[in-house]
Amino acid sequence: MKYDAIIIGGGIIGASIAYNLTKQGMRSVAVFEKNYISSGSTGRCGGGIRQQWASPENCKLAVKSVHLFEKLDQELGFDTEYYQGGYLLLAFTDEEVEQFRKNVVMQQGAGVPVRLIGVDEVAAKFPFLDTSDLKAAAHCRTDGHINPMLVNQAYADAAKRNGADIHLFTEVVRIVRDRDRINSVITADVRTFETGVLINAGGGFSAEVAAMAGITIPTRPQRHEILITEPLEKFMDPMVIDFHHHIYFRQTKHGSVVMGYGDPHEPYTHNIQGSLEFLKTMSLMITKVVPAMKKVKIVRQWAGLYNMSPDAQPILGKVPGVSNYYQAVGFSGHGLMLAPAVAELMAELIVTGRTSMDISDLSIDRFAGRTEFKLEKAVV
Amino acid sequence: MALKINKCDILIIGGGPAGLEAAYHAAKAAPGLKISIVEENFLLGGQLIKQTHSFFGSKNQFAGKRGFEIAELLMDRVRKNPDIDIHLQTSALGCYEGGIVACESMAEGCLKEFQPGRTIVAAGARENMAPFPGNDLPGVFGAGAAQTLMNVYGVLPGRKVVMLGAGNIGLIVSYQLMQAGAEVLAIIEGLPMIGGYHVHAAKIRRMGVPILASHTVVRATGKSTLEEVEVAPIDKNWKIAGESTVFQADTLCLAVGLTPGTELLEQSGCRMAFVKELGGHVAWHNDRMETSRPEILVAGDVSGIEEASTAMLEGKIAGLAAAEGLSGLDLSDEISRAQQELAGIRKGPYGEKACLGKDKLCKLSVR
Amino acid sequence: MRIDKHPVLHFEKGRKVQFYFDGRPMTGHEGEAVTAALHANGVMVLSHSLKRRHPRGLFCAIGKCASCMMRVDGQDNVRTCILPLREGMRIETQEGKGRLK
Amino acid sequence: MNYKQSGVLTGEELRLPDNETLCRGKTIIIECVENIPCDPCETSCPKGAITVGGNICNLPKIDYTKCSGCGLCVAVCPGLAIFMAEKSPKGDWAEITIPYELLPHPKNGERVITMDRSGCDVGTGEIVRVTEFKKVQKSRLIVTVRIPAEDLNMVRHFRIAEGNHEQ
Amino acid sequence: MSSEQDRDIIICRCEDITEREVRECIRRHGLTTVDEVRKILRAGMGLCQGKTCSALVRRILAEETGKKAEDIGLPSARQPAKPVEFGIFLQEGDR
């Protein structure tokens, strides 16, 4: 069996690239997913979609993504629960306010409709928040959130309709490479599939996928824990991020509140066990910010992997020395929100060799010979 | 209230027949071990407290005594032992890294953390639901729920009842409903045979209750609560094969089997296996009730659906095995006596299923 | 529908207490499950389902199935089948999801 | 239809004592045809008339020569599957003793409607004895009903006719 | 037949999901596991966490995929085993 393109990973990145490749005319495209669609990081993520980033590259990509998200349900023919309820970033210290002020100027320059708002306005608009220690907040009304499982499935379904093969429960265990070319992949059930190009969309396992092709990439998996509450009548529109307490939360269309805590001391491992420590920390942090949560019930907790890159920004494109290997990895926890734009640009790169928006800053070359990186700070 | 950390040697999750016997025999065999029982309900005894029929078996399994009387005996000997502490209204929330079992005490409104040397999961089972239109109407109960209402709280679930399922639970609960003053209009069974003991069927048949084998509930209807149950004969492929009968009933009890409540075992990473004969997925375990994780044991319905007598014996074996592992005592004689007793009561045709299921499990590798 | 006389069982009931169901005063026995007290007072419909608004009643009676979630003393989504009745409890049919207060 | 389909034992499955045994005095009838793990009938019998044996799942065997008709096994049988029968030597009446766990409790001298194994009415009978072996089994009455001799193999239950029972 | 009689078969009581919806979802997306049905349709994601419906969903999946029920794996069991308030995880001073 031979494909023009094989994508490893059926998460949002893999599925959206598959869809965009078929949309841009590539005929035989296949996705290999060792489990099922959205079983990895995508189905475990918070589902936020924001444009408020600390680097112009991320902002540009995010703005493009939001434009695509706005038309996505229509394009894919599926209700993905996309909701532009805004994003509210909370600042509790003067340093944070200062950083927000700078970011807002940069973000506005990148076309993000964001503004800094005062505590009184926050208190009036978002009465569920405890604003007693709050200094200010940044709000962008066109940010929002989506149901990650649904949008991932919608991309996979659409790719399938366009002729792509989605191989579920099929793990690629070997990548056969001959000097600068990848020839084929071999699956756990010992089938060989030849390919024109190989795309690494391996998420938390991207480094392992690259290693099968003899390529070393600087991405590392990190556990992030998350939980969901009982459904509540709608009380909030925006997704809220609080870098000070390392938490984020949003209310889903269903009514339940999804929230996560990014432990700054979390080691790099593939461990995705839920911990009791997380429940305690999350409870402490969320009830500081939303005191009424004390009486709300937790229904489910889980964890997923952030695929961290050295500067917490994605690594896109080719690698030196391999002619037909592409990667879209290292999203560091924000792959879902960038997926529509990244997938479109990756497909352009693969099909035409050029991209309509410059993403060369995000290629792996940026790490060459460097040990210090400017970190994207707006990550929880 | 402050968080409570509880140190104990053996934590038993579930205060039903299996859990109570595990606690009693572990404490008796290895005095000094600290044993804790967590029970979600505000009563101990599990499903035994609502059993008013007398039990089969032999003297050792309290044969001839009624279920609630056995429950009292088991509770009594556990309560008398100072090494056993009992946490009522306390639910296990999860098994976490480091062997920590987190529980919520609803009575005290606090988190209780246990870090036991051994955990015996005796969490029981839950009733299966049946798919037919109207299956969510008020008045459609699990048969066990009807039993709880009438036998624990003295409240009649309804006056006119249709029972779905002619296994032991369906037959026994039908009889108990009649005892409590309700009228059982019919017992409906999808299979061509009555699944429960003949003596239970005979008891309810001679009271005039029809058992309709090869029949199914087509639909339940009613405005806001159940009013009618439509029943029809079915063929071997479960397709409707004749005219319907409509029963004017205010209660429909579902006695269509139980599923082991294995969530905590799955969370703990115990190896799970689907064994139809045991009621679905169960944790792999050996004849000492030890799972693939050496510090976790199982007993009772959670390890495979059977009945209270076998649950008690499995509890005893698990309790002894856990006590042996922690105390260093040699309890192998006592364990093998209990194993023989268990094998004895599984000998008849009604024990075949469980034997087959447990054999299947043993043949699987621990992995 | 209390069982007055039973051939096998003798019911030891807690003291009689008053409670409120949707504002209506009712009596039950202290310590019995809230759903048992409601059932004894003829209350079979405990809530309505989220999407289809089907009436819902007691189903498992042992705290497993979530069919008996009600508002108790202002608190939403309380499992009433394993909640002991207390004097003065205010039990309400919960329509819709819980609220953040 | 066999008993696994109907819940009702028929002639073939029943092992009833012969007429001579029945006329000799009270004789037990055990309607226990499945190998369920159970032995209280054996352990409760003061005369050793019932044997289950080493395997608890064996069916009980009755030695009619040893049975004294005390009725303890009727009171103890968890399956309510043991009855006691007696025929008058002349064959003009019979008595059937039935374990009973329902309300209202029957009283001596009361007329009842007799029922067969499938709950169908057979005829009428008169309650002649109501006992309770409290130590053996609380809340179970052992009720003896006098019936026409020809009904003996059929009657296994009775009900108190409405309006007939004095509270 | 009245509309009341025509009512759907409820599979997931918590999330109010019918048998028809489960079958349509399985067919539309080609699903083969209980976890997928949970994630796409929410059947089993409600307050009881699938304790009542998972076995029924497995049965439907078996019918739709032609597999045996035992070959359809267990859905993931996540903590907590029952809904629990944030408040109980707080230390006294934080409550």
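Letters are used for the chains, namely A, B, C, D and E, taken in the order the chains are written, and counting of residues starts over at 1 for each.
Everything below uses one rule, namely that a residue touches a chain if its C-beta (ideal position, glycine included) is under 8 Å from a C-beta of that chain, and two chains touch if they have at least 3 such contacts.
Since we're looking at a predicted model, the values are computed, not measured.
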Chains contacting each of subunit C and subunit D, listed by label: B
Reaching subunit B from subunit A through chains that touch each other, fewest steps: 1
Subunit A to subunit E, fewest steps along touching chains: 1
Chain pair showing more contacts of the two, B-D and C-E: B-D
Chain at maximum distance from subunit B, centres defined as averaged CA atoms: A
Chain whose Cα centroid lies nearest the overall Cα centroid: E
Averaged-CA centre spacing for the pair subunit C and subunit B, given as whole angstrom: 24
Separation of mean Cα positions, subunit D and subunit A [Å, integer]: 74
Whole-Å gap between the CA centroids of subunit D and subunit E: 49
Residue list for subunit D, restricted to those that touch at least two other chains: 101-103, 138
Multi-partner residues of subunit C (each touching 2 or more other chains): 6-8, 49-50, 54, 56, 59-60, 63-65, 67, 77
Multi-chain contact sites of subunit E, meaning residues that touch two or more partners: 7-8, 10, 13, 47, 49, 51-52, 76, 78-80, 82-84, 87, 89, 91
Complete list of chain pairs which touch one another: A-B, A-C, A-E, B-C, B-D, B-E, C-D, C-E
Contacting residues of subunit B [partner subunit C, same complex]: 40-42, 52, 66, 68, 89, 91, 126-127, 129, 136-142, 144-145, 148-159, 179-181, 224-225, 261
Subunit A-facing residues of subunit B, complex: 94, 96-97, 100, 102, 113
Subunit B-touching residues of subunit D, taken from the complex the two chains share: 3-9, 31-40, 43-44, 55-57, 76, 78-81, 101-103, 115-120, 136-138, 156-157
Residues of subunit B touching subunit D in the complex: 53-59, 63-64, 66, 69, 166, 178-179, 181, 192-194, 197-209, 211, 213, 309, 344-351
Touching residues on subunit B, where the partner in the complex is subunit E: 1-3, 91-96, 102, 104, 109-111, 126, 128-129, 131-136, 219, 221-223, 259, 261-264, 266-267, 272, 274-276, 280-281
